Amino acid sequence: MTGSSFDLYGIVPPVSTPFTESHVPDIPSLERLINFHLDAGVHGLFMLGSTSETAVLTSAQRVQVVETAARIAKGKVPIMAGTMDMSTDRVIENGLAAKQAGAEALVVTCPYYIKPGQGEIIGHFRMVKEAVGLPIVAYDIPFAVQTKLATSTVMTLAREGTIVGIKDSSGDDGTFRAWVIEARTIPGFRALTGSELIVDGMLMMGAAGAVPGLCNVDPHGFVKIWNAVAAGDYKTATAEQDRLVKLFSIISVADSTRIGHTASALGGFKTALMLRGVIATNVMGRPMGQLTDAEVARVRSIVIEAGLLDE
Amino acid sequence: MTGSSFDLYGIVPPVSTPFTESHVPDIPSLERLINFHLDAGVHGLFMLGSTSETAVLTSAQRVQVVETAARIAKGKVPIMAGTMDMSTDRVIENGLAAKQAGAEALVVTCPYYIKPGQGEIIGHFRMVKEAVGLPIVAYDIPFAVQTKLATSTVMTLAREGTIVGIKDSSGDDGTFRAWVIEARTIPGFRALTGSELIVDGMLMMGAAGAVPGLCNVDPHGFVKIWNAVAAGDYKTATAEQDRLVKLFSIISVADSTRIGHTASALGGFKTALMLRGVIATNVMGRPMGQLTDAEVARVRSIVIEAGLLDE
Amino acid sequence: MTGSSFDLYGIVPPVSTPFTESHVPDIPSLERLINFHLDAGVHGLFMLGSTSETAVLTSAQRVQVVETAARIAKGKVPIMAGTMDMSTDRVIENGLAAKQAGAEALVVTCPYYIKPGQGEIIGHFRMVKEAVGLPIVAYDIPFAVQTKLATSTVMTLAREGTIVGIKDSSGDDGTFRAWVIEARTIPGFRALTGSELIVDGMLMMGAAGAVPGLCNVDPHGFVKIWNAVAAGDYKTATAEQDRLVKLFSIISVADSTRIGHTASALGGFKTALMLRGVIATNVMGRPMGQLTDAEVARVRSIVIEAGLLDE
Amino acid sequence: MTGSSFDLYGIVPPVSTPFTESHVPDIPSLERLINFHLDAGVHGLFMLGSTSETAVLTSAQRVQVVETAARIAKGKVPIMAGTMDMSTDRVIENGLAAKQAGAEALVVTCPYYIKPGQGEIIGHFRMVKEAVGLPIVAYDIPFAVQTKLATSTVMTLAREGTIVGIKDSSGDDGTFRAWVIEARTIPGFRALTGSELIVDGMLMMGAAGAVPGLCNVDPHGFVKIWNAVAAGDYKTATAEQDRLVKLFSIISVADSTRIGHTASALGGFKTALMLRGVIATNVMGRPMGQLTDAEVARVRSIVIEAGLLDE
């Protein structure tokens, strides 16, 4: 029913979008970051996710990001592209552009700014699927879009083949568990967690994969958890996750009276990537502010403690 | 300081965007609606507001809406255009297009999907002002964008001349009162309420105007409140507002298990306008559903009771 | 139907509960505070409100507070007592104790900790009314109890005579307006606002009275607004309210990293009352912390600026 | 440091409080329920939890419940008692009464109705510990009390020995993971999850135990998960959890327009226990409504499907 050979599982980083000092995408840095992920053995790439600052990219910049991924990674791992936008017609515009740029699947959230009902959300996914034709992964992220995908909405869309998977960033363990159970009965349907902090537990209980923002900074760590769980070595998986939990504190070093939560978290990832030599700057898309030198120093000590950088 | 002759006050409808059966803007209906407002004596037009379903319009459709308003109303009343979007660069793109299409001022919200801090929000408004050059009205609508404009943010932007007014749809009487008081000390700065239900009280205590979505359906009613308060006739103002409170129940006739809050409310307005013969359909932008025949009948009886339609 | 001569209108302070250094009610200070309110011409007393720190008082202390009010003010103004608690049986226990202690009416909120439905809430009010027999004022304060009283719930209870009034601290202008309109058709039913900042507007549009926490600090100011609106002198009402808006900033001088919102706000009131010589300390009920000397100094300058204290 | 032999781990049901038709605790039913849990091999008893409807019990009824547990289970498993209340002095009153009635440890939430800061919360726990003297388990349940325990608050209290454990019902996997990691470094400190739906995953990654409301209905199932994880048999643990996830749907069979969320969920548990013959009625504490015959029939079919009842 899903009409696609697109196969979604494993560790799939929502790839950060590096910027130049001029606040536009830094393509050489993005190329290095994608290769960094491929070298670490990730199983797919999610371009234009929330972590990618998709919300601040213009339509032209979004295309540029997907084209870069397709150029480097196509045929190596599956490439998904986010289509974040407020309405069906806007998401279709974004989806067609991403398809043209080389995306093999779309990631679609609930419409936002408006407050749709679940019936309208079901219609939204169907119309996008019909218009664009690529496999669709639903993305449950009420923190950003304000509306939660109902368990029944996801099941309806999964059973009829409108979606081939769900990325759950809702933090609602109950609905995610329901989808994991459901996924066992739907060939090809996959439930992936957006959690960063209990990936071990989620994989052990049946999640098909994980899409953690923190994976940008340490893809090797998350791939290690994946491999350990697959091998039944839960002790290694848990120890590795514990290490990554500590690393995750890089998201909150920024002064919260100066910059908001998104800039603090995504800027923490970018800062660590800059310190690891993968990308050139920790510049954020406007209006988001970047971490100061003092904050960079605090990220550095956390990254060192996590064993990712020499002192 | 505001560098503009743009003068914002009074009753300013956030003009609905009528659609054809094909879910695209219905320009002849929009023309009738604008003329309906002008005939009622409104003091300005807010195109591309939340009530206008701006969130579901594509960039090209947004331009079309502003051009229509400019063609009909330019020189008669001030024309503002919303720029709703997630980031500074996207809002600047929208703002430049609206300016080109004839808007005389921009309405700018807090960025959304991301969670900016107040410092980043201040930077956002300054960058948009710098790049587009039109007068800017800030729009506080946390229900849609999730972040509230702080009292101090609005005051900073007002004092330095980055914004010439604020439309408050936060429902927070405390911050609005603070802005009304502040506005008394800043030449040209105006605080308008987005309330539909206590416009009388808000005007009596010093609001410079009102931008109620319900004004689409009965602009004469809101203009009557404005004139009554201006004349010191509070009894008439309150009686008229009481009548409009009852009319406002058209926003909740739709079955909430079928369509969401936004479609229910904005669709209620469109249905009433259709029944009054001003626009052709009550079709909503996708994915939003429209009111059913049974629901239209319920709107009809409310509109009749409000004295806006013969039985 | 309300079966009571209890008449609720005008300015009704939710009387602060002063504490000694030992964190128990300071009865001599409470006596002075009640007399301060009576001298200012308030129209009723609300003992055991949210502002009274009822949540931190033991059952025995609550009785002590009501007895004090009855001893001083009975027969001069109506005396209401809050019954804040989590369930019907607990509220009935509190209500019977308050009745015994001299309360002439009860103030009853929605049960909390649990999440009741509106049908259960209606049952709650009916059972409390049946068991205690005093007139009941419903108190809508979702900020504290998490559940909002629906418009229809209040109307059902008002029409059948279970409640004689509503104190609205929901901040939802729409539901309050609906109750004000409804109140016009129900003999003896009164809708009072808990707003501190738009009391002028609320009274102008038909509220029967106001129950502002800030009234503790400056009852003369709120009585002046009441009298001005009654006399049709809206200019005076608005000017006085503007003054009180500035005074209200005493609620946020405390360091929010040290103490929580409730201690900051109610402690601001107590500090101003201490500075005005009405009560002995600004001690709060445990576990709430009190304002520091530096914070007291900031309150002092605000109180001076409001004209309530000589420099 | 914790100064106690109280040892908290494993499966700990938050024991339901059965009621008679007169809405008072049904002690014979409670005795049967406690024995049902002991027979199933639970590792402790949490009396007066949220699931126990503690919020609707009077002080006298709370004592009665703890006395019943002490009479039956003392010396067999550890017995904890909730102290849910709004302030320090009220919690101390409750805690002393529970101690007198036989509780071996207290469970203490953040104060509610008021909005305390984290510093005030720390003070609250210290004062309760000082006054009552029993071991304290912190209970993070922002859904009910509105304030979340900060990671740092729990760590401060754990390190100094004020608390011996944390029950996490926040749904925040990140803070819970942090406490699990922290617990490894603090002798005797235990982090238990209040999750019902991912107990397998939580135990696998290091939780010391689980306190699921659903455990009332099927303690054998949760004990089976515990034993399977302990034996390294993750497949069995996950299969059993999957079965319990389906059983959990008993919490939402009630008509949400008739009764609220708490009555629906806790009433679902009571209905299943009634159907299993453990307790006499599915009556709830007032004002909560009970499930109707039709709803009971729906619970019955779910309980049958879960293998807990013959058709």
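Think of it as A, B, C and D in the order they're written, each chain with its own count starting at 1.
Operating definition for what follows: a contact is a pair of C-beta atoms (placed from the backbone, for glycine too) under 8 Å apart; a residue touches a chain by one contact, two chains touch by 3 or more.
No experiment lies behind these values; they were computed from the predicted model shown.
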(message) Starting from the defined contact criterion, work out which chains touch chain A and chain D both, please.
(response) none
(message) Following contacts chain by chain, what is the lowest number of steps it takes to reach chain C starting at chain B?
(response) 1
(message) Centre to centre, using CA atoms, which chain is the farthest one from chain B?
(response) D
(message) Between chain A and chain C, what distance separates the C-alpha centroids? Give it in angstrom.
(response) 49
(request) List the centre-to-centre spacing of chain C and chain D in whole Å, with centres computed as mean CA coordinates. (result) 35
(message) By the touch rule stated above, which residues of chain A touch at least two different other chains?
(response) none
(message) Going by the touch rule stated at the top, which chains touch which?
(response) A-B, A-D, B-C, C-D
(request) Could you pull out which chain D residues touch chain A in their complex? (result) 171-174, 177-178, 181, 195-198, 200-202, 204-206, 232, 234, 238, 241-242, 245-246, 248
(request) In the complex, go through chain D and note every residue touching chain C. (result) 23, 50, 53, 55-58, 84, 86-90, 93, 111-117, 119-121, 123-124, 127, 144-147, 256-263, 285-289
